[in-house]
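Two complexes, one shared chain (chain A), two partners (chain B, chain C).
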Partner chain A sequence: MVVRLCGVTKKYGRVEALRGVDLEIPCGQVVGLLGPNGAGKSTLLRILAGMCFPSTGTVEVLGGPPRRHRARIAFLPEPGCLLPWMTPPQVERLARGLFPDFQVQRFRELLEFLEVPARPAGTLSRGERQRLELALITSRNADLYLLDEPLGGVDLVSRRRILQGLIRTWRSEATTIISTHEVHEAEGLFERVVFLNQGRVVLDEMAENLRAQGRSVAETFMEVFS
Partner chain B sequence: MTRSFGVLIWLEWKRLQTLAAILAVMVFLTVLIPIFFSPDRIELFGNLYGARSAAMAAGLVLTLGLTVFSWARERRTGLFQMLLGSPASAAQLVLARFAGPAALLAVFLVVLNVATDAALGHFFQAKAHLGLSALAMIYVSGITVFPICAWVLLGFIFVLTFRSSGVSLAAMLVFLGGSGTLGALIVELLNTISGRLAKLVIWPDFRLQPEQGWTCVVKVEQVYQEPLWVMLGVTLGCLVLSGVLWREVEV
Partner chain C sequence: MHAWETRKKGPVYLQIVDNILHDIARGKLAPDEKLPSVRELAESMGVNPNTVIHAYTELERMGITYTRRGQGTYVRPDVPQDLLRKKFLEAAARKFWAEVEALGLSLAEAVQALEEVVHGGSSVRGDQEIRKS
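Let's look at the complex of A and B:
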């Protein structure tokens, strides 16, 4: 198992962001982490990335505590990971220095494919910045990719580009967990979907099974949360 | 390992670039303004010394204030999460964060002191001892700038480790209270042990002698070396603690 969560809760003061989450994800799956705002998706991803620790319960990522294996985890946080002055070559410099598994050639190809302008991040549109960040994260040869809202707040063209970029960089041996609100557009990516609501897993199903029942992920999402 | 430390230092430099430019302008003005606005040489002497002391204090406050502000702002960005999740060790991350402001302040003090001493030497026809001026400021950096920077960094990381539990204010009060007690103990220790080792002859002191028609002499003073070693030890202790606490930081 790449990810193993057992009875995980996370409290911020009195607010309970996660409540007894149990989850196991094997190697190579592409998992959609879906749910409304405040469901606990970002908290769960942050725990898996080792950004924060659970209040109770145990977390194992790649066979140990997440921080021990942080070199093998590529995490795209929701606020974005670039400073306004960073241009694509400077992003490359940063990633080359920080991550030994960063693939320069793949990064340059992705920049071209995703049509990222060679300007500082502060002057890019939100969609362009998201594409640059996606190129940065997916250019790593990580074992686990955690993408927090990679499609959030970007236009349709950028969304399509990002999804194409994800497909292009997909590696069968790597596990990917994507949290998103854009269920309809991203559902073709998912092998498995985990629905979170108020910090609890309310549905954990293979996307194939849903389709076999004649339902899309988006329809199931609407059924569960409406 | 060297490459990731190099990148962390580069990030620090990018963060401090604007501040470095401001400090360079401060050095320039600290020397020029007294020269242009002092009516006579006696006034110039006092004004240069006064401006230098003011610039030192302002540079320290400005650097530390802006550094903490930029750390706090960065904490809210994804870059902080990326650094926390990178394979770079806690020691590298902490050392880079300390090295940026500490090196900038040390260079500022050395350049400021050398520039004002050169001006004093020039206007008062005294031998300026510029090498000693630089050395004196390295000593000052060792006993004040380095431990203060390390202490501020430790305080920031200490508060950060408790932030997600919602007790930032309590953590800050505990840190300040603990630091106050520790500070008193260090002063007591320095009072007890200073003077046991040989003094360092590094302090060039410009003095005007009114009895000889306001001629200027430069007297090289001796300073205790124990405070330097104790404060460097305090700096190291703060950095080690910061590294240990960094592993507990949550975002």
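Let's look at the complex of A and C:
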């Protein structure tokens, strides 16, 4: 198991972001983490990335506490990870210094494929910035990718390009967890979908099983959260 | 194949299998022709590469394709193209007949409609009516 959560609860003051989450994810799975705003998706990803700790319960990532294997985890946080002055070449230089698993060639190819303008991040549109961040994250040879809303708030063309970029860099041995609202476009990508609502896992199913029952992931999403 | 807009119901791998069978039936994929690589097809359809692998495994199990080691997946030279064509025609006919029945029309009327479509449709009748007048 790449990820093992056992009875994980996370409290921010009196607010419970996660309530008793149990989750196991085997190696190589692409998991869609779905749910409305405030469901706990970002909190769950942050815990897996070792950015915060559960209030109760245990977390194991790649066989240990998340922080032990941070070098093998590629995390794309939702507010983004770029400073406004950074141009793609500066991002490349920074990433080479930060991540031993960074693939320069792949990064350059992705910039071209994702059509990222060679301008500072602060001057890019939201879609362009998100594509630059995705190029950065997926140019790492990580064992676990945690992507928080990589499709959020960007136009349709950007969303498709981002998804194609994800498929292009897909490695069968890597595990990926993607939180998203854009269920329709992304649903073909997921092997498994985990629905979170108010801090709890309300549905956890293989995507093809849902479809075999005659429901798309998007339809199930609507049913669960309507 | 573009599954982006038209995500139909049912498992995606079966949709891929169906699309490829259809391409073979229509001659868009010939015997001994190479199928797109897993990643190419996954990317163009926006689906998980594992789903494409699942579909390709199924096609091989059905005796439609074979794998050349390290080279990819190919349509078998002895692929039963005529049988596939018949199957797709049957499926289309069943749909057509369901509509004929729903409209409360007869087989003769259905055949006539089909002939009209094939032979230029309503313009034929229009010509005759003009000649009569």
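FYI, the second predicted complex is superposed on the first by the 226 of 226 C-alpha atoms of A that agree within 3 Å, B and C clash if a C-alpha of one lies under 4 Å from a C-alpha of the other, contacts with A are read in each partner's own complex, and residues count from 1 in each chain.
By our rule, a contact is a pair of C-beta atoms (placed from the backbone, for glycine too) under 8 Å apart; a residue touches a chain by one contact, two chains touch by 3 or more.
Quick caveat, the model's predicted, so the values are computed rather than measured.
Student: Mind checking the superposed model to see whether chain B and chain C fit together on chain A or clash?
Tutor: Partners fit side by side after overlay.
Student: Just chain B (first), just chain C (second), both, or neither: which does A:Gly97 touch?
Tutor: First partner only.
Student: Where does A:Phe107 make contact in the superposed view: on chain B (first), on chain C (second), on both, or on neither?
Tutor: neither
Student: In the overlay, answer first, second, both or neither for which of chain B and chain C A:Arg70 touches.
Tutor: It touches chain B, and chain C stays clear.
Student: If you stack the two complexes on chain A, which partner ends up touching A:Gly50: first (chain B), second (chain C), both, or neither?
Tutor: first
Student: Under the stated touch criterion, name the partner, chain B or chain C, that contacts more residues in chain A.
Tutor: Of the two chains, more chain A residues are contacted by B.
Student: Touch check for A:Trp85: first (chain B), second (chain C), both, or neither?
Tutor: A:Trp85: touches chain B, not chain C.
Student: With the two complexes superposed on chain A, say which partner A:Phe190 touches: chain B (first), chain C (second), both, or neither.
Tutor: After superposing on A, A:Phe190 lies in contact with chain C but is clear of chain B.
Student: In whole Å, how close do chain B and chain C get at the C-alpha level once superposed?
Tutor: Shortest inter-chain C-alpha distance (chain B to chain C): 27 Å.
Student: Across the two complexes, find the residues of chain A that touch chain B and also touch chain C.
Tutor: The answer is that chain A has no such residue.
Student: For chain A, which residues are in contact with chain B within the complex?
Tutor: 12-13, 46, 49-53, 67, 70-71, 73, 75-83, 85, 93-94, 96-100, 133
Student: Could you pull out which chain B residues touch chain A in their complex?
Tutor: 3-4, 6-8, 10-11, 14, 74, 76-79, 81-88, 164-166, 247, 250-251
Student: Using the touch rule from the top, collect the residues of chain A that touch chain C in their complex.
Tutor: Residues 30, 160, 163-164, 167-168, 170, 172, 184-185, 187-191, 207-208, 211-212, 214-216, 218.
Student: Name, in rising order, each residue of chain C that touches chain A in their complex.
Tutor: Against chain A, the touching part of chain C is residues 3-4, 7, 9-13, 39, 42-43, 45-51, 54.
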